[in-house]
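Look for chain A in each of the two complexes below; its partner is chain B in the first and chain C in the second.
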Partner chain A sequence: MTRTLDQTTQEVLDLAARHFQVAPGTLAPSDDFFRKLGINSLQALELLSRLENHFSIELPDYEMQGVSDFQTLAERIQSRL
Partner chain B sequence: MLDLSQYQSIGEALRDAMQKYSGEICLIEADRERENHRLTYRDFQQRAEPLAKALQDSGFAAGDRASIIMTNQSKWLISAYAIFYTGGVLVPLDYKLTAPQQWDLLRHSGASVLITEYPIWRQLSVAEGRAACTNLRWVLVTEAPANADLGGAQRWEEFSAAGAPQFVPRERRDLASIVYSSGTGGQPKGCMMTHDNYLEQCVALTSLYPFWPGVRYLSILPTNHAIDFMVGFFGPFTCGAAVVHLRTLRPEFVREAFPKYQITYVSLVPLVLKNLQKGLQARFDALPARKRKVFDFLVRVNKALTRSHPRLWLSRRLLPQVHNAFGGGLRAMIVGGAFTEPQTLQFFYDLGIPVANGYGLTEAGTAITVNDLKPFRADTVGKPLPGMEVRILHPDAAGNGEVAVRSKTVMSGYLNEPELTARAIVDGWLHTGDLGHFDAQGHLHLVGRKKNMIVTEEGKNIYPEDIEGAFDSLPVKELCVFAADYIWPRRSMVGEQLILVLHFEPGQNLTDELRREIVRRNNQLLNFKRVHGLVVFENDFPRNASQKVLRDSLRDLLVGLDRATAVQPL
Partner chain C sequence: MKSFHGKALRWEWREGILELALDHAPINEIGTVMLADLERFAAAIPALAPETSACIVYSARKEGFCAGADLRELYRGAAALAEKERIAGVRDFLERIHVVANAMDTAPFVTIGAIHGLCFGGGFELALLCDIIVADKMARFAFPELRLGLIPGFGGIPRLKRDVGNAFIRELLLTGRTVNATRAQSVGLVAQLAAEGEALKVARLMAAQIAKFDPGTRAAAKKFIKPIPHDELRQEIDLFCELFARPAVMAALKKFVEATDAMPYLP
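For the complex of A and B:
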């Protein structure tokens, strides 16, 4: 399945909303997920693991250093699809 | 282990460790289930020397500063070795800081070299603050993809030179590293640590928790942190032990690493330790009733038989399932960075897994007190390490006062901050800002803080002054953020919270609109920086001649309020 960046971004937002049980549509691509979701680093790793399973890719922790917004996260995922 | 009393510097001790333990394994690096490499001390030296030579050829000399911003991996330690070998001063920075914060500290430290990873550099190279950091001459980047734009950096892997580097001796009093104990606010606190500080601390710590060839330390805490630098690098290396790096912190891979690499020691922050406790408790709770009964009985037997001191061999036989899950060779878990709840420590000790809890400050080396397990005490932070003089200043009727430390491990001061240093170190005694007392057995109990700050379970130091910017230009007359326990001491070191103190314009009230705006701004902060309550104060804040809020005077005024009624939950 080929996805556009917009589709990938939307899937990331939907999955994050489901995982952290926030209302769908409340998250935006530019949101800082640590701030918006109020999560700690361990919870962010949980999200990465769920995204890996969903997209069937590997997202190394060290490549995610400094990434805190959904848009950049989606771009990193897109480059590995 | 090496006789560190014979050595003048970290570089000299590490150099001799390479010779003495040349055939032993010193580093294992794994990425999930894949092992990247396994290095002997000889291999390690062969990888570090070309880097040291290239640094020297580029003009890097004794006393020059080099920063490392990397996740835990073998190149962190190889780079640090090269810096110490060439007489440099290490500036280890937290890879979790934001890029502008990292630039601030790079500038403040005066580093001429930066060694970092490509994913970090990708953010850093385009971030605000780079232009102002004129002291930086070289940037070395590890693991950059083949066609990556390096933004003016060089590849770490290609930064090497043939020939033997010249070892540059240093003296014990010379600066070895600058470690930032905080620095996200306006006043970075760069602790200047000497070679003497590290050599003395290493001797003290390894006397209680020894390393030897064959011991394996799982390095999870960031190596820029004082604890991991000591027990995840300098300590094991001077004893011929091995350090295991995982390129991931996902709990499932960390769990697998214990049996896979036969881990002996690991260091954790309280948050991770509590997570481990939760996972184990869930497994125990899922046991069928009969098995659970037997298990509980064995735990009680273990508890009774290890009351006076740990008996690892016995605990491993009584509770093999638990110990095998940790590889069967775990001797202790070291917990640091923040205060740990006694019930968590007790939970692990009852299973026969000692947790080395203690108390320390970057300013004092690594640790001031450590639990010596003779016997295990969950209710204290242990006894002073050998060589540490610890006293309680101005004790109250209950014996509680500020903890002060005098030792060869105490920093020489804060970089470029003589006034801050003079306030922290008085007549040779480091004033920690923490409050506590000693019991009859010589164990230190911490009961609160004299300083206006909180420490989270993740080991993050949060200074209220750093939070106030989030509420700038809020339509009130004035505001101030405090650690609630600083105003109303609670005699507890867990569950610390921040509060926002507001003073309104005449006739102004706390409207729903204002409250919503405060909540909105608060939610833009990282979760551990958020304020948990509001206090409406009726009078003007005391200020000095330059209109700066006198926080201590304001605190003295707030103390008179009743905490329960004054703090409105946010």
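For the complex of A and C:
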């Protein structure tokens, strides 16, 4: 399945909303997920596992360092699809 | 002692199956309290072994199996000591945990690690003592020691070398990255994947299967197929102590203990 970056971004937002139990549509691509979701490092790793399982990819966590918004996260995922 | 309830873990024996539950907040960090309870378990193995076919090792903590060594306790203890005493203290801790590790590694019953969530550093090394690993799909494994200027010290690398290829070990060790359960299975580290929250259930079914076989044959097969890399384990202790003597390690431990970063677990 080939995804566009927009599709990937939307899937990341939907998955994060489901995982952290926030209402669908409340997250935006430019949101800082640490601030918006109030998550810590362990929860960030949970999200990483969730994303890797969903997209069937591996995303080394050092690539996540410095990434705090969904859009950039989706771009990192897109480059692994 | 068929059941035990300590400060950091508990075990229960039922119909030939032993279940060892790590339960020490926040995520089963291995410090003096956990070590003392692990030593109690290791000391109980000879008495438990004749009637035990399998032992499941799991965590009762929601966040994961084990986050590794108790770095806060390590830093606080080491900071109060002069360099020579600091190294002697660390060596003593390593020697003690290696005795526990070798006892668990060579137990005549089959050990099954039921792993979920975080399985990092010393926790990963604890998991590697198990003969078979069942992992929850959300489990993550890592050796983040290099960010502290150290190598794994509880026998991790020599034991991992028994199971997986050197390229995977180098990637884990030299990048400090975490890997998910699917990758861990693909390289041969994890035997079976379980759905979220189901690793213990899967491990219990496996233990029931293992219990069907002749105990003597089972023990002989395990001994034949799972040698203890004694020489490398000794070398690892020496190298760890040599690295621990460098000032950069205390600086890195201090940074970790004081970290307010969003992802302090990552290098």
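To be clear about the criterion, the second predicted complex is superposed on the first by the 81 of 81 C-alpha atoms of A that agree within 3 Å, B and C clash if a C-alpha of one lies under 4 Å from a C-alpha of the other, contacts with A are read in each partner's own complex, and residues count from 1 in each chain.
Here is the rule we use: a residue touches a chain if its C-beta (ideal position, glycine included) is under 8 Å from a C-beta of that chain, and two chains touch if they have at least 3 such contacts.
Being a predicted model, the structure only gives us computed values, none of them experimental.
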Check chain A with both chain B and chain C modelled on it and let me know: fit or clash.
clash
Report for A:Val22: first if it touches chain B alone, second if chain C alone, otherwise both or neither.
neither
With the two complexes superposed on chain A, say which partner A:Gln65 touches: chain B (first), chain C (second), both, or neither.
both
Between chain B (first) and chain C (second), which does A:Leu45 come into contact with in this model arrangement: first, second, both, or neither?
both
Which partner chains sit in contact with A:Phe34 here, chain B, chain C, both or neither? Use first/second/both/neither.
both
Quick one: classify A:Leu5 as touching chain B (first), chain C (second), both or neither.
neither
Counting only touches as set out at the top, which of chain B and chain C does A:Asn53 meet: first, second, both, neither?
second
Could you pull out which residues of chain A sit against chain B in one structure and against chain C in the other?
34, 39-42, 45, 48-49, 58, 60-62, 64-65
Sites on chain B touched by chain A in the complex
31-32, 71, 73, 95-96, 98-99, 117, 119-120, 122-124, 247-252, 271-272, 275, 458, 523-528, 530
Once bound in the complex, which stretches of chain A touch chain B?
32, 34-36, 38-42, 45, 48-49, 58, 60-67
For a test of understanding, state which residues of chain A touch chain C in their complex under the given definition.
34, 39-42, 44-46, 48-50, 52-53, 58, 60-62, 64-65, 68
Can you check the complex and tell me which residues of chain C touch chain A?
63-64, 117-118, 137-140, 175-183, 261-267
